[in-house]
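First chain A sits with chain B, and in the next complex the same chain sits with chain C.
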Partner chain A sequence: MTNSAQTIDPALYAAVTDAVRAEARKVLESGAVAAVVGWQAGRRAGTAMPTIVTDPAKAADLIFSPACVNNLALYLTKAKKEVRGKGKIAIVAKGCDLKALVGLMGENQLKREELHIIGVVCAGVQGAAADRSLPLSEATIAGKCRECTVHTPENTDVTVGTLTELPHFTPTESAELARLEAMTPAERWSFWKEHFSRCIRCYACRQVCPFCYCEQCLCDRNRPQAVETTPRPAGNMAWHIVRAMHLAGRCAGCAECERACPMDIPLNLLNRKMARELKELYGHEAGFKPKEKGPLAEYREDDDQSFIK
Partner chain B sequence: MSRIGVFVCHCGENISRTVDVEKVAAEAARIPGVAYATDYKYMCSDPGQGLLKKAVAEHKLDGIVVAACSPRMHEKTFRNAAKSAGLNPFLCEMANIREHCSWVHEDREEATEKASAIVEMMVARVKKDRKLVPITVPVTKRALVIGGGIAGIQAALDIADAGHRVVLVEREPSIGGHMAQLSETFPTLDCSQCIMTPKMVDVANHPNITLHTYSEIEAVEGYIGNFQITVRKKARSVIEEKCTGCGVCSAKCPQKKIPNTFDKNLGFRPAIYVPFPQAVPNTPVIDREHCTRFINGKCGVCQKVCGPGAIDYEQEDRLIVEPVGAIVVATGFELYSISEKPKGSPIKGYGEFGHGTIPDVIDGLTFERLASASGPTGGKIIRPSDGKEPKQVVFVQCVGSRAREKGISYCSKICCMYTAKHTMLYKHKVHDGQAYVFFMDARTPGKSYDEFWRRAIEEEEAVYIRGMVSRLYQKGDKVVVMGSDVHVGVQVEIEADLVVLATAVQPRAGADTLAQKLGISYDSYHFYSEAHAKLKPVECATAGIYLAGACQGPKDIPDTVSQASAAAAKVMTLFARDELEREPIVAKVNERNCVACLYCKKVCPYGAVEEKEIRDRQGNLIRVVAYVNPGVCGGCGTCQASCPSKSVELDGYTDEQIMAMIETL
Partner chain C sequence: MPKTITEQNLRLLIDTLVKEGTRVVGPRAAGTMTLYEPLATGEELHLGELPRRSAKEAFFPLCETILTYEKDKEGVKVSDIDPARFPETVLIGARPCDVAAAPVLDAVFSWDFKDEFFLERRRKTTIIGLACTKADDACFCTAVGLSPSDTKGSDLFLTPLKDGGYRCDVVTEKGEALLSAHAGLFADGTGEPLPLAEPTLGKLDLEKIRNWLDSHFEDPLWEEIAQRCAGCGACAFLCPACHCFDIVDEGGEQKGARRKSWDACGFGKFTGHASGHNPRDVQPQRYRNRIMHKFKYYHDKFGQRLCTGCGRCIRACPVGIDIAAVLEEINNK
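Right, the complex of A and B next:
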């Protein structure tokens, strides 16, 4: 039963903030890690932004709030030269961020022993259009958090916070997925065509994705050019298909791409659809264990072949 | 601008019948970068190759497209021709307008258009071809022979006699294979064991042969010239170095009622045993499944009586790694059993023959054991049910073989001859007996083979009935054989004392698993495939692996021995050189672009991808990238297809080339 008046108690985040600060100070002071990747308060009230703390005195700057939307795993891949060169790194990770970390370990990008993972118990974060001054509620919570199954991250070095009973939120992602799957192939094609036609090829989705860590993206190459670079329908479609295919079996659903998209393209819906296909065909769910091989890198005789028509 | 020569082949009429070759050449001449285009009746002939060489010089060609057959057929021919004309051979490519065009189309106009398109694509590709230099790899001059039957023995002896080391791996406790089980051999009726055992002893005594019996292939890694074979030496429970082969253990073993599989279960053997008296090595093995010691720990007699103390109940399987340069696969065959539907076999069962429940219905190999002087009956032909001498014996050919409705359409090849032999052996031992043979037709091509079959009928009085058997059933102590005689056009019913079925020759169970380990191909029956049915009959498509004997298809002893020697000759050819040249079509990593996600490593079927650390002069790690070992890379391109950042490419098949080809369309 939905109760839109019900909100999540901000005290949960305050307690987590205190514990994160204490842990960060401890590991920095002891020299166990060289830096802590976390969030600090943004310039505008009620916002947060990623930060890298190396000075134990600055540990007090760290916060955890419903505004801590960013997936910090990004800062261990894209900016790896700057951050990873420093030595062992601590990272503050929500359950959903942790899935990305696990995936990156499986792809040889991170080593577990080089990380100190401070898991935070998370009740949810704000949606892109939420009023930052309000506590989390049906009106303000992000879509991905409504169906979250990883409020408490596991296999961390330390997990801080205690989960309280959460209000029930209306699932939006699965409703959207059901709507998408109910469409005929022609309807689905025109649905995506319409969305992708609005793409301005700013590549914010790529830059914010922890899994898009190639130093030169295949879509930026021009000899040979695989994907047209100007924002025209054919090139847009090609880019989004490449993105979706490259993330299939890897994307764990942090939905940062969708949050970062200035054109409001439902990118995470596409990612969720791919993830569902992978689960149904190969029983694979990304982000739980660093697997030897992903389902798309492995051939087994009992693989489902029914999709070959 | 490139100066490419295009040579369009008629292939006699194979191509020109459906494709207007003159037009294809004329169209090709108009492609930018093509300096010369012509057509010729047989490009692969001497004058054809001469034409190519002359054109390279006259027109200063820097690339060649030969529009002809499949590159599998003649790529080497034309690359060699290009090389002798002074061109890098890898700047010569083939446009397949035969298999991919003329052979599969009928409409001349459309086929011509398609041929032109194929040529244009290949021109685009050649323009971006790079000069490549063959890769040289060292050759380990040591061969592995899998299977110790007559095929494996012959191959091992030939290679060893040439002065190379051989590792012979046999699954059973002794080498010898099926030939050791046979009584006498067609067409000369010489005793199988008499001609076989000296060769077995030669293997045991040969200084160049390392013999691993009771062993199996666990894993195969590497490539031609450089294989790493892991052999699983199964726990024999007997220390080979200590055992003298005195046989006291077998004599004293209290467990004596285990069906003897070597004798096709006609007799019994103890739990510690050698399969047959002439076994090589003459070292027993404990059948742990039946040994009392292993069942409940309450025996240990063999250990007590063993003088040299060779019995080791604690022995475990051992894994031995053997480096070899070439492999001969000689895993042989087994006979189809009517009593059960073999797992994975395409053959349907034989319910109408009683599914193996009638005791006096046996197969050909069981008859061999009955007729063999060293067999369980000492060569006396008696029936399994009551030990009586059978006076009427019916032989049925083509049981399983040539029976599409049963699942096998091939001919097992050896049965016509061995059934004729069986009728003779029977007549020699039971003078008042009568042999009947139901046959479809007698297939006796081979030196002195037809004469042998005629002798069975004309001198040894075997009655041959052309027709099939529809049913076998027990009636009293007789087996009723219901069949037809198509010459006379009547139904025949014979009350036989013994029925011998010539059941189909099949590959060994598990042949497919071994093939997967070796990376060689097999047909739907699991017989191993040769690289070319006529011109490469002993080579596998996988370089460095050769076939001998019935694992490739049904074969008799003379054919098997010939093929084994042929396989040995191929191994010796390989070992004649210290280094081996490999095609340089291998994947290369763009180290500036690679982010070491190692997806390529996950998908590489050859295990050719490794992690590589790039360091500066001070030894600081700059970055980690993937590295493809060119000696191991098979050039399949799977890494290229899977690389998310397109940082690995196959020489000769780069993305740039493939895109250029697509763009011509």
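Right, the complex of A and C next:
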């Protein structure tokens, strides 16, 4: 869908906001759910933050806007036991977030019947460095949204909002992936070495990832130490390789790791590269149907074995 | 007599210092951001924006080796790092919100244990602060009692002038020494300063906030604010005043090093006990510690607060936690 308008109409988000509030109020009042995980406005204009609403009167705090960048599936993992402990949960989900929920169901971390999914029609969210006072446009939209194919989430309990015609956005992530793939291995190595050298090991990438729910992260272990924990080149490289490999075939592509990185490391580029490899080798893609086993957790006779020389 | 220095001479000052063998650290363009990094030439000085990470790393690096060990036939040889070998440093172009944190940190690093790694770097560093003329909506230095022209912690202090260049005020003897050693680069005069930045958040009653914290260790507020906290270290690592560190031994049986690197109270493992017990079992308890340490514990102990209002934690928080909003909420109680 394309049109000649260069910006996305904020009215789309306003309508979704109203509908999310009404739905949240309804399910909280009826007792169908114990809590609604959504977004509320931040103190600074044009910002939003995740929120967990249990009081129907507070349903009016919920919003949906281009600032609603977070993948809220994070709050349903076992890393966030406090939230799950409240009972049945409603979650507001964009199409991209839904893939993470489905992935978690496939990994037996969530049961569909324990969730009330409020899908929101989404035209995109803002990029990290965007001027928040402007509507979404080529200049302000997040990289992942430029190539979005799931503006309208499906298989939800309710989906709110109506998609209007959207401007055409120039893809940036796939262009960057093509640039990466065109490099020689030596060039790629130095590309990542340079990026990872900036890592400060704050683990924002891990902490916002819905799939990094291990109760004991291998990379935190010190007896024995598997990966150096100090922010130095060897440990940084090892950490990011472990992260990428552990997410291969599981990553839902929400790009939260990249958004959260205070050092601007293009982590989603690595995720996309891994996703492409998995598609080429095993025909696997993160999608909207729970799969019990990802390609790297399963052995099949017909697996590609050409890498064994 | 007040002094001024032109933009060109400021860069020349850096060139001169570098040639003299001084390490010069200042804001430098680094990919998509600005960072405080060693400058090779005055040309590299990049004063347009607040560096992504704070200037604390001039004294408290992200990671440093504190000893090395090596095993040979005679046994294990342990070598200490000699802080006397740290270079003389000039930190230039640092914002008041960064510089003001340095004297606050002196208190803890020179308390019951004298941390020579920190203190020796402090002794050997001369700080040239820079008044701030641009604030964004995360800045709140004025709300916590500082100002865009606060000279706290600076040895020399630069104020950008309308006609270009800077007024240079001498704050300490160390600053005076640096200025007199390079007097030829400065001129007499004052000049008309550019308007200062104007952070929008109103002044907070920090004493009232401390009193509230004193009696609200248990309060529903902590869960309300911090159940969204993802438990990363972005806020602490970018903060000019957070100073927790971890010490780990890395290497093998034959040789290795003991290293010190930044740690953060937001991490689940931060208070993990060997038994498996964790006294701060859930994220709201960890976030509560962050606020308590900054606005109560440190003040109880040292009479100072661990926040300069730089706003870095607000900009960096992946889940939108806004420390200024938290303080405002407590202030309004």
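Operating definition for what follows: the second predicted complex is superposed on the first by the 299 of 309 C-alpha atoms of A that agree within 3 Å, B and C clash if a C-alpha of one lies under 4 Å from a C-alpha of the other, contacts with A are read in each partner's own complex, and residues count from 1 in each chain.
Just so it is clear, a contact is a pair of C-beta atoms (placed from the backbone, for glycine too) under 8 Å apart; a residue touches a chain by one contact, two chains touch by 3 or more.
Not measured: the values here are computed from a predicted model.
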- [ ] Could you tell me if A:S30 is touching chain B, chain C, both of them or neither one (first, second, both, neither)?
- [x] neither
TODO: Based on the superposed arrangement, let me know which partner A:A48 touches: chain B (first), chain C (second), both, or neither?
DONE: second
Open item on the list: Going by the contact rule set out at the top, does A:K293 touch chain B (first), chain C (second), both, or neither?
Closed with: first
Open item on the list: Touch test for A:S133: chain B only (first), chain C only (second), both, or neither?
Closed with: neither
Open item on the list: With both complexes overlaid on chain A, does A:S306 touch chain B (first), chain C (second), both or neither?
Closed with: neither
TODO: Check the contacts made with chain A and report whether chain B or chain C touches more of its residues.
DONE: C
- [ ] Could you tell me if A:T149 is touching chain B, chain C, both of them or neither one (first, second, both, neither)?
- [x] neither
TODO: Please work out whether A:T184 is in contact with chain B alone, chain C alone, both, or neither, and reply first, second, both or neither.
DONE: neither
Open item on the list: So chain A touches chain B in one structure and chain C in the other; where do those two contact lists coincide?
Closed with: 225
Task: Residues on chain C engaged by chain A in the complex (per definition of touch) - done: 30-33, 52-53, 62-63, 137-138, 223, 227-228, 230-234, 236-238, 246, 248, 250, 259, 261-262, 264, 267, 269, 282-284, 314, 316, 318-322, 324-325, 328
Task: Residues of chain A defined as touching chain B within the complex - done: 107-109, 213-218, 221, 223-226, 246, 292-294, 297-298
Task: Residues of chain B defined as touching chain A within the complex - done: 593, 595-599, 602-603, 611, 624, 642, 644-646, 655-656, 659-660
Task: Sites on chain A touched by chain C in the complex - done: 42-45, 47-52, 70, 74-75, 79-83, 129, 198, 200-204, 206-208, 220, 222, 225, 228-232, 235, 256, 259-260, 262-264
